[in-house]
Amino acid sequence: MKIGIVGGTGYTGVELLRLLARHPEAHLHAITSRKEAGMRVDQMFPSLRGHVDLAFSDPADAGLEQCDLVFFATPNGVAMGEASALVEQGVRIIDLAADFRLRDPAVWERWYKMPHAAPALLAEAVYGLPEVNRSAIAKARVVANPGCYPTAVQLGFLPLLEAGCVDAAHLIADAASGVSGAGRKAEVHTLFAEAADNFSAYGVSGHRHWPEISQGLNAVSAHSVGLVFVPHLTPMIRGIHATLYARITRETDFQQLFEDRYRSEPFVDVLPRGSHPDTRSVRGANLCRMALHRPQGGDTLVVLSVIDNLVKGAAGQAVQNMNIMFGLNERLGLEQVALVP
Amino acid sequence: MKIGIVGGTGYTGVELLRLLARHPEAHLHAITSRKEAGMRVDQMFPSLRGHVDLAFSDPADAGLEQCDLVFFATPNGVAMGEASALVEQGVRIIDLAADFRLRDPAVWERWYKMPHAAPALLAEAVYGLPEVNRSAIAKARVVANPGCYPTAVQLGFLPLLEAGCVDAAHLIADAASGVSGAGRKAEVHTLFAEAADNFSAYGVSGHRHWPEISQGLNAVSAHSVGLVFVPHLTPMIRGIHATLYARITRETDFQQLFEDRYRSEPFVDVLPRGSHPDTRSVRGANLCRMALHRPQGGDTLVVLSVIDNLVKGAAGQAVQNMNIMFGLNERLGLEQVALVP
Amino acid sequence: MKIGIVGGTGYTGVELLRLLARHPEAHLHAITSRKEAGMRVDQMFPSLRGHVDLAFSDPADAGLEQCDLVFFATPNGVAMGEASALVEQGVRIIDLAADFRLRDPAVWERWYKMPHAAPALLAEAVYGLPEVNRSAIAKARVVANPGCYPTAVQLGFLPLLEAGCVDAAHLIADAASGVSGAGRKAEVHTLFAEAADNFSAYGVSGHRHWPEISQGLNAVSAHSVGLVFVPHLTPMIRGIHATLYARITRETDFQQLFEDRYRSEPFVDVLPRGSHPDTRSVRGANLCRMALHRPQGGDTLVVLSVIDNLVKGAAGQAVQNMNIMFGLNERLGLEQVALVP
Amino acid sequence: MKIGIVGGTGYTGVELLRLLARHPEAHLHAITSRKEAGMRVDQMFPSLRGHVDLAFSDPADAGLEQCDLVFFATPNGVAMGEASALVEQGVRIIDLAADFRLRDPAVWERWYKMPHAAPALLAEAVYGLPEVNRSAIAKARVVANPGCYPTAVQLGFLPLLEAGCVDAAHLIADAASGVSGAGRKAEVHTLFAEAADNFSAYGVSGHRHWPEISQGLNAVSAHSVGLVFVPHLTPMIRGIHATLYARITRETDFQQLFEDRYRSEPFVDVLPRGSHPDTRSVRGANLCRMALHRPQGGDTLVVLSVIDNLVKGAAGQAVQNMNIMFGLNERLGLEQVALVP
């Protein structure tokens, strides 16, 4: 399988490289970066010395059209401009940015402040959450890799909404993210001296992952979904922890419900009753771990859901989608044990 | 004013010392530690060199009965055994542990797993949240200094419950604490290599601050309070961030409500609409900062409330209570600017 | 005393504000920022709410010429262009950048890659290390506030070189700095996700603090100084730890030597033999703590020296210099206890 | 290959499990812990769920004598008491503690404060630094896995001492370690709230790794080695950074010297001239990265050497030794890419 990566200089890019470098079926053909063309990849990321023997190439010279699959690890708005030409030449696409995540171009435009450049491709794109869309992903030409918060939050609410046993109109998702979630961009608020030893909410009045999560939850819920989503920045490098609150409308054995729903999922792990998943227990691993609580036996169910934002929340899920698209064992290249401590 | 501290070897102890060392009216008479008796305080805490010229003394020799005020910075269960003898000798008490926080001895026993040793003193003790009980604190012989989470959560819900404009039966408090909140005890789960680069909830099925918060909120609410409280551990040293969710039952100008409620409070700061308070903005300062949001204009109000768990959540609030008890300017010794970055 | 600050949007700026806001003799007249003119200072730094009631002003409108003292907390190269006009109007200057630190304009030009704009002022400027130049500082019109590494390293070597008891030609200074030392600039390498959980040396072949330290040590040494200086970046916000190595050429009681040298210094604290100073023991405090070791009784002396890079290494030392220049008690406004934990 | 682990509840234990779980030739037979016998390993370390399907067993029931190889990941002093019985039954041993590191039982006793329990086995034990002792390791019955600091420091000085081009009598090793190096023991000084945002030296007058490093360097040096070793604690989880200083006595192309020495070593990576290795570039990887500098062209050479203390400094090196002992490809199970960011 010949693989191309467009825009490999950010955190999802280097994480893709880490995973693909050890993937037995993926042959890395080209990594493009207009700005860094000619620079060896392992000069920018010395951790890849001995594992990736490529230089960044200019998109024009990269021969991406010869690839079987191209990952876009670019800022929002790039993939939608370049994907069509590749798809027409038979290249399949996984976009790690947001370009193909929102079904409705009008919603896209409202939240991302730009018109959609490829509405036809958007119409056929598949939202790449394997636990929901596995068979569609297998056949897709374009896969929209989900956002990090949306992965953790949707997987946590999914069994409840599918079973229709909570008040869909009043869901609360309170989540905390490590700072790598903000990307490898030079900005003041994510400097070490700003983000360390500090904790704060952000985007409470409106975060771009809100419409994505709402869309995904609505798709599986019989009742219209109302969601309050509050993200926080926490001083760690990797990891998302979502604490989800839902009012119970119909009693059932919730622990059993979750275990049944995810029994055959290779990358979702439901912990025993009473557990508290650590984000570090999935650090570097393609895994969503979750646990259920019912405080004081009341009518509110609490779901704790953790992922590594760069793996199950980005590059790992992208490789999982790649495996599905190409009929490989879904676990291939994704069996790293989490790095603890 | 002659001041004694019982048990000054933990984080609330050293923080009390930091504040009292620069307090113009407080004269530090004795600090006791059975285990460390004879050791200079600044040998254990070199940060106090040049500021505290005392050694730990054995409680038996400390002459605490000569003090005007004794702070207990001891583990739960110590103060209730020793306070009565001091009070009888005219010494006033501020307990930074939980011994006098829960009005009902039966509730105390259920959550702290020991019978209450001084129910009579408990009956007269005043819960030391100045924003609620200022005048009772002024006259109290025994003040129960509030817990850290309870301070941040109660101050955030207070105006809403007093005004009766939210559904008191379904409140959610989602909070994150820095690791110093777990105290200066040798334990594996709070080691650097365990707690750094990690985030998790804990005590979701039941945390000792839940009955304390519930009691405080019920005291100001016309309707019975139902609270879900989920604490999390976040990799920072100091700080608590509470994200509070309440369903609106009666419309009002919530921002105005909060500004009016706290206008004359020296240590509560309501930020402008749309703000996101950082915990670091109160690091080392005796302050609760808060902000209000109403995501997507829906029916859920989100209050963000931050404190330094060791200052407004412990030692600073204790000094504030001391100032009130002795008729001093409430701000005395508490005007430090937060340490940023 | 009317005080002006030019360029108050960086870390040394906000730290100056923290200290001056509580200084009993300093009246803050103006803070300038061309870029942020009109913005309230406490909007950029909410930690200053209630303490600083000023907005950033345009340098042209700030009335700096009416000040008794102007601090420059600007990037290198700014102060040397603006200081002369102010000095001519009787304003005294403390520059927290490097413009007036190197006596020789040619050396300045080699290390800072720009010609010196005010060689006459440079000639009269006093290097603001009070432990060496106190009386000259008292009379100076322009004070060059030392760099952070240079403060920690010079104070550690000073007694040895003054006494002439080590091999001056082969000194080694191995130092680690918190990330705030890199300033509040948007850069990739100081992002949280880059600098956290990481440690590396930088600038080993040549760092701008090398000529500054060499100049300072040569000034007090009878023999020519040869220095190897290796700085490292360590994942903490504040603090510098210098580990200094010197070959002993003449035996003496080194502990006594240091205690005698610094006995009357208000802001240098020599710890007992065998101590290991923590950077946190000076966090937020204007203090250099040091300790001496002689491993295996060999011929190499090891000096450990710590400061808070933003206080004794920048803003605190600047306030100390201000106190000296204006005949105030040198301790005024600088008696904060370090924030531990 | 049947593998046993004695004492798998510490950080080197869980790291061994992480590596062995994915090693294609190692079959994990038993993990012992007297204290935790019966507890599932993945209950203590949820990161191992799905990877390690074992419970801790009591040493008496573990059947360690059936193993081909037993790793001791125990506190110092345990392996020397238990190894002989196993060796007599044909089991080979890799001890990750210090019991077999120091050749001279008297030196052992002086530094570890206990007599050596197995001097005969000590006499035949091989020091497991593959870059020095590869062929002896291949045949060894007992391998003493090197300490973390000793690995980073010896690999950095080795080419210089073998070539005899520096002053062996005056070497300086200044090193910083992540907190996991202190182990998974409940102690106050390694709590998050103590070790975070802090930096300090420790053990300057004498650290147990000093005799180990000295012994190793003396073994390859024609001249007697004099070493000053100063370790520091830095607020990161994993990683050791050693900054080594040596006075040049004979000129040569030092970069070339290092590249030649390590060209065929699978786990030593000499970076290009002028580089500064990050500890994170080896996080989770079995690798020592190093770079050379010659500040100001003077007579002091500076070597920067980084490892992950738990991998090349402990469990990874142990697996590398296992591969060598059993004639496997040395890289087997050790090709993880470092986790960045």
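Going in written order, the chains are labelled A, B, C and D, and every chain counts its residues from 1.
By our rule, contacts are C-beta pairs under 8 Å (C-beta built on N, C-alpha and C of every residue); 3 or more make two chains touch, one makes a residue touch a chain.
Bear in mind the structure is a predicted one, so any value in this text is a computation, not a measurement.
Engineer: Would you identify the chain whose Cα-based centre sits farthest away from the centre of chain A?
Structural biologist: Of all the other chains, the one whose centre lies farthest from chain A is C.
Engineer: Going by the touch criterion at the top, tell me which pair is linked by more C-beta contacts: B-D or A-D.
Structural biologist: Of the two interfaces, B-D and A-D, more C-beta pairs touch across A-D.
Engineer: Return the distance between the CA-based centres of chain A and chain D, expressed in whole Å.
Structural biologist: 36
Engineer: From the mean C-alpha coordinate of chain A to that of chain B, what's the distance rounded to whole Å?
Structural biologist: 39
Engineer: Roughly how far is chain B from chain D, centre to centre by C-alpha average, rounded to an integer in Å?
Structural biologist: A distance of 45 Å separates the two centres.
Engineer: Quick one: which residues in chain C touch 2 or more of the other chains?
Structural biologist: Residues 11, 178, 180, 184, 193-194, 196-197, 235-238, 277-278, 280, 283, 341.
Engineer: Residue numbers of chain A touching chain D in their complex, please.
Structural biologist: For this pair, the touching residues of chain A are 11, 14, 18, 21-22, 45-51, 180, 184, 196-197, 237-238, 269, 271, 275, 277-278, 280-285, 289, 310, 335-341.
Engineer: Report the residues of chain D in contact with chain C in the complex, numbered from low to high.
Structural biologist: Going by the criterion above, the answer is residues 170, 172, 174, 176, 178, 193-194, 196-202, 204-206, 210, 226, 228-230, 232, 234-239, 241, 243, 245, 247, 274, 276-280, 283, 293-296, 298, 300, 302, 304, 306, 341.
Engineer: Which positions of chain D touch chain B when the two form their complex?
Structural biologist: Residues 11, 178-180, 182, 184-188, 190-197, 235-237.
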